[in-house]
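Note that chain A is present in both complexes that follow, paired respectively with chain B and with chain C.
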Partner chain A sequence: MINNKIGIISCSGEECLGGTISRLAVRKMMEELKPGMVSTLCLPLFIAGDGGEREFAEKYPTIAVDGCSKCCAKRAIEKYSNQVAGSVDVAEIIGEDKALEKPLSTRHLTDEHHEYVNKTAAITCQIFDDILAKQ
Partner chain B sequence: MSKIKVIPCSGIGKVFGLLARESVLMVTEEKCPNDTETLCLAHVVTGDDEVVAKINGKSCITMDGCAKYCAKKSVEETGGVVVKSHKVPDFMKAHRGEEHGTGTALTQDGWNYAEELAEILAADVKEIKGGGDLL
Partner chain C sequence: MSESICVLPCNGLDKCAGDLSRRVALELAQSAEVALICPVLLNQNRSRYEKALAAGDLTVIDGCNTRCASKLAGDLELAIKDKVNVSEVAKTLDIKLGVDIQENDDTRAVVQAVLAKVNSSAADQAESEFIEPEAVEYNSFSHGKFIFKVPQSNYFFNENDCWVTVSGNMARVGVSDYVQQNLSDILYVDPPEIGDEFEQFDDLGSIESSKAVFEIISPVSGTVVAVNSSLNDAPEQVNESPYEKGWLVEVKLRDFSEDQDLLHDCPAYFEFLQRKVAEIDV
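Moving on, here comes the complex of A and B:
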């Protein structure tokens, strides 16, 4: 059930580190930075188009958080719903080479990875606050 | 001979998506690194040319987090041959009452369950290879 009025779609990519970071940054938004204020949408469900996700992103501002410069989440939102309200590319934050490193189990996260998560979440949070201020 | 593609859903809202992801990483990185690889579901659902070429007509195993079966459906729509399909809740019966964590982090019970799921996937890999059904 989607109750909040700002959505975030993380690519959560399984093939590279950037996807791991995008996923954890959005989880940080949900649990620590904006608890109860974030509606996360599942990218595969969004693209499948049968869960109400597309309708949500058509009506309400939605932020894409992508792990690499292919920007799957951003492209999907713009193809199926509307212009994104904001877009974060982890590769721009931590560097393309780093973003394309192997995906990581949460068991193997280091302080460096947590710092990437914090930076990505902070930028996403800033976009979130900017959207909120305009509402 | 190509590696078996083992693809989890990228669900972010609940622990099931993380269990799917971690169990697949255990297989592709630790248990069967020479026989398996994972692919990015975001790339699959957006029809990325490189990933479509890798998956089309090839043996795939999917691990979904919920009954929407996003990974299985998306892989099939992209031309992958889903030889084995599972969803995380299918094996919960023996784990009733346990707390497995959240979409961000697993508890020890969660890691134990992920390990069990990974063993199921590893057995699938062995069966596919042994049966001569590898595409």
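Moving on, here comes the complex of A and C:
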């Protein structure tokens, strides 16, 4: 059940490293940086149309965190719900070439990858705080 | 494993099971023979994967029972060769997967079990002992634009529209023409495991179309000795030939004379189905 009124959707992350980073950054926000304050919406579920995800993104500000410039999460929100309240493209943070490297399992992450996760999560948090300040 | 496989995981981020589907998919993708399919990109731009899907069999890995990956494959009318549900596998291991994404012995055990299930999907099965009849004669009736066929003899039905036909102490189980017409294009058959023992009216797997999932309710009690593996490549045989080529499970009967008390023979089922179709007004 979704209680928090700012949503966040990560890219599904199966095609590239940027996707892996976006997923981990969203988890970091949810578990460490903004625990209990953010509603993560599952992108595959969002697309499948079940679970109230689309309705949530229609009513409440939702941030898209995408792994690369294809911006699947952002495009899905705009297609099925509403304009995004904020958008992060990991490729702009870590570079397009890096973002398009192969996706990784969390077990194979290096310090460099963790740094990318931290940067992405920090930028997403900033967007989150800006939205919260306006509410 | 076949030489070329496309893996479509659900990739959910909300629950541990979704994350495990991704972990399994990434492990499988270590092999050059496996093409990984992103559910979101597939939904957005199917043409990106047309080549891979044409060349390889599709394995779907769902995290939970919302079955987003299966639904996506169904919506896109992709034929599913094999399907695994991470939460179901965890349940068989008595492991409870929560919301938090974890890397521990339990999640590693689930990943290994799912990998093993994917790799052993083409389980060996004994040569069929069932003797097929030479020809099946049918009666039919129409209702609106639909024509329903029922065999004239040698088949028995429960009221869940599942049939059994017997040869000695062996039998084959399937679904009626009425079921396949209701489901429309069947995309996937989820059979029971070979060796499973079951009672009459137990669940004996399921079949799935883009419209619905139908649970196969066994008309008899016994043991599964074979499943119709040709349905992996051609599940549409259930639509095309529900009483013959589209059989689902072969079983060794326990006590057919007792089971038979609760089944309709062909003429009785024919009448039962006529009434049912009229009442439901299909």
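Following the convention adopted for this analysis, the second predicted complex is superposed on the first by the 135 of 135 C-alpha atoms of A that agree within 3 Å, B and C clash if a C-alpha of one lies under 4 Å from a C-alpha of the other, contacts with A are read in each partner's own complex, and residues count from 1 in each chain.
By definition in this document, a contact is a pair of C-beta atoms (placed from the backbone, for glycine too) under 8 Å apart; a residue touches a chain by one contact, two chains touch by 3 or more.
These numbers come from a predicted model, not from an experiment.
On the superposed chain A, the two partners chain B and chain C do not both fit; they clash. When both complexes are overlaid on chain A, the residue A:S81 reaches neither chain B nor chain C.
In the superposed pair of complexes, A:V26 makes contact with chain B and with chain C alike. By the touch criterion defined above, A:K70 reaches both chain B and chain C. Look at A:C11: by the touch rule set out above, it reaches both chain B and chain C.
Shared contact residues of chain A, touching chain B in one structure and chain C in the other: 10-15, 19, 23, 26-27, 31, 40, 42-45, 47-48, 50-51, 70, 72-73, 75-76, 103-107. On the side of chain C, the complex with chain A involves touching residues 9-15, 18, 22-23, 25-27, 36-41, 43-44, 66, 68-69, 71-72, 100-101, 103.
By the touch criterion stated above, chain B contacts chain A in their complex at residues 7-13, 17-18, 21-22, 24-26, 29, 38-43, 45-46, 48, 68, 70-71, 73-74, 102-106, 111. Remark: chain A residues 10-16, 19, 23-24, 26-28, 30-31, 40, 42-45, 47-48, 50-51, 67, 70, 72-73, 75-76, 102-107 touch chain B in the complex. Residues of chain A touching chain C in their complex: 10-15, 19, 23, 26-27, 31, 40-45, 47-48, 50-51, 70, 72-73, 75-76, 103-107.
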